[in-house]
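Before we start, here is the structure in question, set down as structure tokens.
Labels A, B and C are assigned to the chains in the order they are written; within every chain, residues are numbered from 1.
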Amino acid sequence: MAETSASDSMIIARGLRKSFGDFEAVKGIDVEVRAGEAFGFLGPNGAGKSSTMRMIAAVSPVSGGELRILGMDPATHGPAIRGRLGVCPQEDTLDNELNVRDNLYIYGRYFGIPKAEVNERTDELLEFVQLTEKSKAKVEDLSGGMKRRLTIARSLINRPDLLLLDEPTTGLDPQARHVLWDKLFRLKQAGVTLVITTHYMDEAEQLCDRLVVMDKGLIVAEGSPLALIREHSTREVAELRFGVGEHEALAEKVADLGERVEVLPDRLLVYSDDGEEVIAKVHERGLEPVAVLVRRSTLEDVFLSLTGRTLVD
Amino acid sequence: MSAVDLSLGDPELTMGEGVRRQFDYWMTVYKRTWRSTVISSFLSPILYVVAMGVLLGGFIEGDPDKLEGATSYLAFVVPGLIAGHAMQTAVGETTYPVMGLMKWQRVYDSMLATPLQVRHLVTAHLAFVAFRLVLTCGVYTLVLAPFGVFESWWGPILAFLAQVLVGMAFASVIYGFTTRLNSPEGFGVLFRLVVFPLFLFSGAFFPVSNLGGVGAWVARLTPLWHGVNLSRMFALDNITWWVAGVNVAVLLVLTAWGWWWSVTGLTKRLVS
Amino acid sequence: MGLVVVGDRPDQEAGVLMAFSSAGFSQVAPLSAAQALRLLVLRNYIVYRQAWKLFITGFLEPVFYLFSIGIGVGQLIKTFEFNGHVIPYAEFVAPGMLAASAMNGALIDSTYNVFFKLKYDKLYDQMLATPLTTSDIARGEIAWGQLRGGTYSAAFLVVMAALGLVHSWWAVLALPAALLIGFAFSAVCMALTTYMKSWQDFDKITLVQLPLFLFSATFFPVTAFDGWLRWVVECTPLYRGVILCRELTTGALSWASLVSVVYLTVMGLIGLVIVRRRLATLLLT
């Protein structure tokens, strides 16, 4: 209970860099993750999220700057750090030649957990991720969502203090994503510190207390999802879809209706606190969009405003 | 929630502890795969002994002057065949399986997310290969013992150790090679241009002196010849001790260098 | 152990190519059998072109055996008698290697490679979504195997001639003989492959292949066997292929050689019929 405030920081990064030859994947970032929070790295593919995650997982040497995980230096205390981390990598690294249960059991043994204890935890975790009935199944026969759940269960076998999830729901169908989110919520409730990378806005908004937006190896914004939206976007967004190729030309005609207008290949986004009013004025001016939509701002809009690009391709 | 105690942590694992924690993994792998190794490990070597040693050997005169001291072709070919088989087992275990764990299934990645380190992974994998070698060479030797191909009781034991040693030399070097490959295409070339010619020309089937002056010396430079020669000298109780010393030294140096080369290769591959 | 080297080939482009070419043709009339054959051979050629190292090194296998066993071990053996001719050991082993490598090549092509295309690549599923038929597929695969195997056999015969191991013009016919061996084994092995469920089943192939390779009078005369065992050996397909090749390269031919020819032809045709039926039941459901 009585810990110093400094030890509440699970991860501290100062000027953290990672380069591969001439290519600089992470160009000096500052991050601090506190115990018990769910922290997100948000950004498009290639933003440097996975490189950062691998450094935090103490499997990738730091190229520059400073990094402390659980108060320790990954360069000198790699095994001790990894002993207390749970890692759910971007691509499942399950052992296809072991059955579901053995994947958990064998992995637990790597942490030096005694056999009886691993057996007990394995049963608990299979129950937790609803795979008890599949315990004898081959990994390759599992669905994508089940594999992901098994990977998450595996990352929990050592009862980690810090759980790293790299794109946890990429490639899953919507239903499987919600099941997974539910599991992650429960873990957070139980006090596990979560670090999540994602390029899905809804995921970041659902799961993260606080996040940083990364782009081209740098952090471009930091805060809670709500604060970021408040700071970098408006309350609502009006989406206007016109005929093919007309968007660029029509952007000027609606520019004054909102605080900001973004032109996307297939639609115009008008940022305003009252989207309905924007739509009404568009019609008043005699413009006839093929389709209109008013929605609340999301982190996607934050990213667009910060970088001028969309997140997913 | 109670704050996490950040001062605690495992100390860095010792080699023994790191390997011990993977024991269950490798035993599980073996329990699942031993059946499929029966044919390649036990049956096919025996078929070679029968075909080459017994049947073809029936047409070959047992002249010790021409057969490096053996009184029959069977006695000549058996220690060489076991050494060659040790090489093939070792290469088989350190090509596709290593590539699979490293690249296709990424099991190594998952292991490295635990307190285990690259040198533990390499050592445990090679220890498993050693276990396979002990088993196959041991069974091979025991099965052939009643056929009167060994000249002393202790010879086959030393020969057996020589076979395991030559296997380990290949296992560690090929492991290092595999960690530097990006696709399995290189294996096809390795099997056809390295392993297979070594098997046929390193003195397992005929005395390397039959290759002529230069050919014989080239053959004596190959690692497999050192294993074949050592294995045969012990099995036939026809030992030149200084040659045996050279053979052992070459194989030990190769094994040690291969281990180091494997650890650096796998480190570059997985921890960068 | 020994001769079996699994071929591994990049196959990805295949699907794209097949889909493309057959779409072009389908608007016209269905493909004739010959067109289909050309197309399938072209497909395999394009795939193999990227794996030329594997292609070239495949040829070396029988050559290595010839030098090692034929010449290295041959120095320990004086001569063998074959059909009344006395011949040096290397001349005895070389035709055995010619026949055995024709079998081994056909076996790898028609088991590992076909299984991969059938179960993993789903290549035949794609092909059957085009005007191609199961017969086209069976013929195409076998024809490709024959082209590859024929190239190896021809090269090996040249090596034999260069080493002075050929003493009869009949040896020219050893090339078609090797093709016949390849055909017989391709067809039968492809038929067996259609019954296989997992890679584990391939152990059973090795279980048959290795004894055939070692005991079909390849390395020593059939007189090494006595009584009924000799009869069994004489009835196995590779033995027929080995002595056919040996009769041709040594010129020790007789009317009895025709037995081997008929045996291998019938074996191949039976295999072909089964393959066609099996592919239809597996893929056209």
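Going forward, a residue touches a chain if its C-beta (ideal position, glycine included) is under 8 Å from a C-beta of that chain, and two chains touch if they have at least 3 such contacts.
Predicted, not measured: the structure shown is a model, and the values here were computed from it.
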{"item": "Chains in simultaneous contact with chain A and chain C", "value": "B"}
{"item": "Maximum centroid distance from chain A, chain identifier (CA atoms)", "value": "C"}
{"item": "Innermost chain, where centres are averages of C-alpha coordinates", "value": "B"}
{"item": "Chain centre separation in whole Å, for chain C relative to chain A (CA means)", "value": "54"}
{"item": "Distance between the centres, which are taken as Cα means, of chain B and chain A, whole angstrom", "value": "46"}
{"item": "Chain centre separation (chain B, chain C; CA means) in Å", "value": "31"}
{"item": "Chain B-touching residues of chain A, taken from the complex the two chains share", "value": "1, 3, 7-8, 10, 20, 35-36, 57, 59-61, 70-72, 77-85, 87, 89, 91, 93-98, 102, 105-107, 109-112, 115, 154-155, 158, 161, 190-191, 193"}
{"item": "Contacting residues of chain B [partner chain C, same complex]", "value": "36, 39-40, 43-45, 47-48, 50-52, 55-56, 58-61, 66-67, 73, 85, 88, 184-185, 187-189, 191-193, 196-197, 199-201, 205-206, 210-211"}
{"item": "Chain B residues within the chain A interface of the complex", "value": "1-7, 9-13, 17, 21-25, 28-29, 32, 105-107, 109-117, 270-272"}
{"item": "Chain B-facing residues of chain C, complex", "value": "1-2, 5-8, 10, 51, 53-54, 57-58, 60-61, 64-65, 67-69, 71-73, 75-77, 80, 200, 203, 206-207, 210-211, 214-215, 219-221, 224"}
